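Two complexes follow with chain A in common, the first pairing it with chain B and the second with chain C.
== the complex of A and B ==
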């Protein structure tokens, strides 16, 4: 039981402390050892996130495979198969040695075949979905931006003025709209944002201290 | 009562109406004039204050999803930087960036034979603040090659990099709001910000000050991309899409008015 607690509770805390203290110290003390430690850990944040991309691809295909096995509605099969086809095509073309540029030792991600797949499938559909957001915003604005009460009215007015500031035709015929819109963004909004930012900073400090003291339950698997 | 019925417009009708309204000017451009905002003027003015040969670090996320919204800004900015004689370093910070940067630089009309002399592209690396710290302290502790795997110390292929080692060699950063703390507060480098309408505009306000910085000017979204094209004189896709944006926003205003009229109608109906 004691060893189990050590692995689940104490070891993560030791690792957090070993990581956090040198990094905090590096902000206040000039020392080559601390700087090297900071540099190495900083680089590893990138490596870890890159590895996560690879894991994500494996997880995605595994999920697609299980969805095919478990789904009783066979109508979904063509959609899943098409997704797998496009995904594998991108992977195979991108990683193919046939398209490799041996002078630069690059695999095929800049080859015109890959760029065609990438723009034609991934680019087109993802941009279409981003564009759809405009329609959802339109529908939401119709339902939400109403003079219901004081708060909703302020939201409506400031939102509409800043939106109009970004619309060339209004700035042409109502020149006062542009400075007013910029004032709302640069002054009115800044106050609220800074207040939220300070709260977040204090909150992060608090969570950090709780983690280092072992009082943050999300950082450990068991409680004492 | 009639007003109250306005509040029950089917969302599919709104979608269809908006699609038609924004589609028309893409086929038949109307040519509505555009004015340039102060934030865009400050963005251009800041870049133009530097002498030829200054080094600009551009942080290029290049999400292909949002490319229509931000591509006019990228293209006009690179055209301006190269025309002003900047030496440009390009950080690829998103997984789409290695592909998108080629398209953007081709649209900006760069001379690829000058790669390594006038500009250098680093390999794609997912970069959070810790990674930016490492990069600014010593570029070679983070990257040993450019994106074509040529050593940064290779004076034949990358002569530009023989003069650049860390943040003290940067004059200007073109990035997003996320770079404020590292590049300006810690390193004292001036920043101008670029980005999408949704990714930049809501966050830039607190950091924007055209006189004291840290962000001296910003451009966000295709509409302001059109403004940037006018301010720089490099007209492109940004100005072409402004008609659609104008009509879309006018329709949005009409829809908001209809929504409020219907609420008024419901209130009146309730009193009766």
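== the complex of A and C ==
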């Protein structure tokens, strides 16, 4: 039990400290050993990340399989089967040595079959959804930009002035709009942006501090 | 050959102040001394309200960290940790009230075991470990174009009472926030990513503005050690304002504060 608790609770925190403190020190001290340590850890990050992608794929298929088994609504089966079919097809073509380009040492991901699968399904759907985003932005803007209170009114007026400042007809009849729009962007927006950014950086640094001091236990199992 | 980088002295001093203040307040908690009052983040109160509403409507709670919202190998890792703390709190509440919770997993495969662990912990803490359903964790693969339609479909198919969308979110995920709104859900969310903050302002009923999400992670943990650290952050903000004003005054007086500070 004690060893289990050590592995699940204390070891992750020790690993974080062992990894993070030398990296932090690397910023203030120039040393070959520290530099090598930093480079090696950077490579490991890539390896772990690549393996994790693979695990994600297994998790996806596992999830689809469980959804097939558990779902009482059998009308959903064709959709799930189609998802699995497309996923496996992409995987088989992309990983296939039959389509490999040996000059660049790449498997089938450059092959026209793979590109067709990718563009035909993923690319088309991606563009459609991207277009949908703008329609939704319009509907949300209509709901949000109204004279409801002082803040909402300022937001509405700022937005209108900033948008219309580039329109030639407004520039012609309301020449004050251009400098006012620029002022909103350069002074109002930039001031708020910098303040928000500093606070966000502090928040992020605080989480880092808590982790290095071993107090941040959100991602560590505590009820083993 | 070991050499000290003197040009970063200001950064070094800043790190010492940071660790010093956090350590000071941790010690204060250990000695049971009183901490300054902290304001409540409005969006955190709305989570319980949302879970209750989902229960009344008989619809599930949906939680998402974003399509690529759980980086654990970049400067956004702080956001991931904070969002996981909010996730644990939401899971605990859902388990307590008996509301079904559906988790929409981000593309980062390496974060999935951690997310699953946090959800399991939430159910265990609520005393209902058997209520955890692995089938309620949906994975959509890489990029938003796969994620958003998946979440959208889930809203339509299962219904949505509360949608929590907090993490390293990108603007491209706006349709799912609006979709939750169209499906009559309470929408709560936020991100410390400034460029994506506006989508939450447009579509959320309650939002974590900027670093509020990072503070909420600690505030919701009900752990005194974590909440004490928020006090340190407030002190850093005062120091930052002093440095900004002091630096401006010195620059106006002709003293080169910028180069002295190694900036």
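In this text, the second predicted complex is superposed on the first by the 183 of 224 C-alpha atoms of A that agree within 3 Å, B and C clash if a C-alpha of one lies under 4 Å from a C-alpha of the other, contacts with A are read in each partner's own complex, and residues count from 1 in each chain.
Throughout what follows, a residue touches a chain if its C-beta (ideal position, glycine included) is under 8 Å from a C-beta of that chain, and two chains touch if they have at least 3 such contacts.
As the structure is a computational prediction, the values presented were derived from the model and not from experiment.
S.K.: Is A:211 touching anything from chain B or chain C once the two structures are fitted on A? First, second, both or neither.
M.R.: The second partner, chain C, only.
S.K.: Let me test your reading of the model: by the given contact rule, A:4 touches which partner, first (chain B), second (chain C), both or neither?
M.R.: So A:4 meets neither chain B nor chain C here.
S.K.: In the overlaid three-chain picture, which partner chain does A:197 touch, first (chain B) or second (chain C), both, or neither?
M.R.: The answer is both, since A:197 touches chain B and chain C.
S.K.: Have a look at where A:129 lands relative to chain B and chain C in the superposition and call it first, second, both or neither.
M.R.: Both chain B and chain C are touched by A:129.
S.K.: Look at A:28 in the shared chain and tell me whether it touches chain B only, chain C only, both, or neither; answer first, second, both or neither.
M.R.: In the superposition, A:28 touches chain C alone.
S.K.: With both complexes superposed on chain A, which partner does A:141 reach: first (chain B), second (chain C), both or neither?
M.R.: both
S.K.: Give me the intersection of chain A's contacts with chain B and its contacts with chain C, in residue numbers.
M.R.: 45, 49, 53, 122, 126, 129-130, 139, 141, 143, 193, 197
S.K.: Could you pull out which chain C residues touch chain A in their complex?
M.R.: 1-5, 8, 11-12, 15, 18-19, 22-23, 26, 73, 75-79, 81-82, 84-85, 88, 105, 107-110, 112, 114, 117-118, 121, 124-125, 134-135, 137-141, 143-146, 148-149, 172, 174-175, 178-179, 181, 192, 194, 197, 201-203, 209-211, 213-215, 217-218, 221, 223, 225-226, 229-230, 232-233, 236-237, 240
S.K.: Which of the residues in chain A come into contact with chain B in the complex?
M.R.: 35, 38-39, 41-43, 45-46, 49-50, 53, 104-106, 109-110, 114-115, 118-119, 122-123, 126-127, 129-131, 134-135, 138-139, 141-143, 145-148, 156, 160, 163-172, 175, 178-179, 182, 185-187, 189-190, 193-194, 197
S.K.: What residues of chain A sit close enough to touch chain C in their complex?
M.R.: My answer: residues 24, 27-32, 45, 48-49, 52-57, 59-60, 63, 66-67, 70, 87, 122, 125-126, 129-130, 132-133, 136-137, 139-141, 143-144, 193, 196-200, 202-213, 215-219, 221-223.
S.K.: Considering the complex alone, what residue numbers of chain B touch chain A?
M.R.: On the chain B side, the touching residues are 9, 11, 14-15, 18-19, 32-35, 37-39, 64-69, 95, 98-99, 102, 125-128, 130-131, 133-134, 137-138, 141-142, 148-150, 197, 201-206, 208, 221, 223-224, 226-227, 242, 245-246, 248-253, 255-256, 258-260, 263.
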